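Here is the structure we will look at, set down as structure tokens.
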Amino acid sequence: MSDGAALPNPTDLRGWMRQDFPVLRPQPTRWHDNDAYGHVNNVVYYAYFDTAVNGYLIEACGTDIRELPAIGIVAETGCRYLRQVAFPEHLDVGLAVARLGRSSVTYRLAVMPAGDDAPAAVGRFVHVYVDRLTRRPVAMPEVIRAALEPLAACAGGRD
Amino acid sequence: MSDGAALPNPTDLRGWMRQDFPVLRPQPTRWHDNDAYGHVNNVVYYAYFDTAVNGYLIEACGTDIRELPAIGIVAETGCRYLRQVAFPEHLDVGLAVARLGRSSVTYRLAVMPAGDDAPAAVGRFVHVYVDRLTRRPVAMPEVIRAALEPLAACAGGRD
Amino acid sequence: MSDGAALPNPTDLRGWMRQDFPVLRPQPTRWHDNDAYGHVNNVVYYAYFDTAVNGYLIEACGTDIRELPAIGIVAETGCRYLRQVAFPEHLDVGLAVARLGRSSVTYRLAVMPAGDDAPAAVGRFVHVYVDRLTRRPVAMPEVIRAALEPLAACAGGRD
Amino acid sequence: MSDGAALPNPTDLRGWMRQDFPVLRPQPTRWHDNDAYGHVNNVVYYAYFDTAVNGYLIEACGTDIRELPAIGIVAETGCRYLRQVAFPEHLDVGLAVARLGRSSVTYRLAVMPAGDDAPAAVGRFVHVYVDRLTRRPVAMPEVIRAALEPLAACAGGRD
């Protein structure tokens, strides 16, 4: 039986800074992003990731991606929390593409306070494209691929 | 620069089933756990994890863990989504301890529909204990360690 | 121009207790229901209301109400907060029908800690039924009306 | 026993438009603000209200209001939903003060799509100030009152 705990960390983006992300999405915080400890709750970072990915795709594709024949279903996510942030801080979410496959895409993400070049958290987000009705894996729509290829080229050249 | 995307997955719990988790926490869904695709949004699974870990600790410790001199801050989380679930399903969250350190603990988690032995999602959740006021790492409180040792022994024996 | 602030309060349910609600729905709290003040955030009570109404309807109708030709769209909500509650408390949501119209229904709601007869909060929730596709008001489905009539009779007799 | 359902509606702001609100706060939507019906869930509007009120106070007071000797606890909220909005729309939240008391304040609020003068939803939000430790009602801090008086004068003149 596998012991995941011993394996290297797929959200390890040490050394990645603001300028390494080809897309930056502004992300204001909300009052109740904070939890009882007075900082943004660990769960909420994934709402930032989700919003950055889908917001970018909708804008870059110029279409409502939810109505395409194939939709992106989340297969895996991860986050490492490096420094705490809190409402009312304004944040930016950095977005890059680590791997662009036929029916899936792996994003690298980072959350940075506005005006700060170093991530407060780094993440990973995998979309698998499925038929909107049957929910079976299919090739990603061409309009999605066209929106992602510039980001993949950018990230790929850096590894 | 590291390329996390190529590394093995630390939330890989293939083969883990309901009976492998020493603690099970019931987790009803809410209407708005579902997103526009009609299933529980990827973000919400982390709310299930967060609630299972802290709910277990509060009950097992018999004290308000938020008032202890040291509190658990989330350092890392991850989730793999295997099958979709949706409101109004009732879920159970399985909880195990993969690694128990001096000031940190790594949990393994799974989300299962009630009555189903196979996980719909598996996760990983790392707490680092810090001084409640200075937020600097310290040894975890003894009452926390006592609550976790039975779970660690259980999981440790299985690897 | 109307000054709503001077008007009586439509969520005034003074005197309503646990036994006045014909339906009670258990509602566990989650860790991040609490906000920076350490109690359940005002927003979250509406998630309890939303879940109680839709959860009751799905169970009582024995069907997926989201797939009916007409769906309930929320036209108005309100809440008065009487005492604070906090995770990890277990809550119950009381549900009654104050008014049952041709295409709309007004619910009365209360949030009570398990084992407590007095509400910690009272609410109001109005559903208007609309055609699922055109989103124009229509008569509510018969299966919905049948589920609500027993609750309306109950509340109506008490005014 | 009161029948709230028959009473006039305290969130009735018919005729109120964008220009009637002395404060406007930008509010981007998030992917999971949408629910299974593909529009912003009724609960989420209250997160917009909560964020607008507290965000305004923090900026206008120039201090962390959560650390003042008295904090604002929410006593009552309400919302009427006039037209649906959805991610990825950008919204603005209008903020006015309907009544400024010794220890409480009643806000009027509206949610408007950016570029639209007519509210998609109107709301009401009552803060009661309590001692931060004992949670008993006290006079609101002077720094809060100073931030609210300009808004009260503005709204008061319009009734």
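Just so it is clear, A, B, C and D label the chains in written order, and each chain counts residues from 1 on its own.
The rule we apply is simple: contacts are C-beta pairs under 8 Å (C-beta built on N, C-alpha and C of every residue); 3 or more make two chains touch, one makes a residue touch a chain.
These figures come from a predicted structure and were not determined experimentally.
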item: Selected pair, greater C-beta contact count between A-C and A-B; value: A-B
item: Chain whose average C-alpha position is farthest from chain A's own; value: C
item: Distance between chain centroids, defined by C-alpha means - chain A, chain D (Å); value: 31
item: Distance from the mean Cα position of chain C to that of chain A, given in whole angstrom; value: 35
item: Distance between the centres, which are taken as Cα means, of chain B and chain A, whole angstrom; value: 21
item: Interface hub residues of chain D, defined as touching at least two other chains; value: 31-32, 36, 38, 41, 43-44, 47, 50, 66, 87
item: Arrangement of touching chains [line / ring / star / complete / other]; value: complete
item: Chain B contact footprint on chain A (complex, rising order); value: 1-5, 7-16, 36-37, 41-44, 46-47, 50, 66, 71, 73-81, 84, 98-99, 106, 108, 124, 135, 158-159
item: Parts of chain B lying in touch with chain C, wherever the complex brings them together; value: 26-28, 30-32, 38, 47, 50-51, 54-55, 58-59, 66, 87-88
item: Residue ranges of chain A in contact with chain C within the complex; value: 31-32, 34-36, 38, 41, 43-44, 87
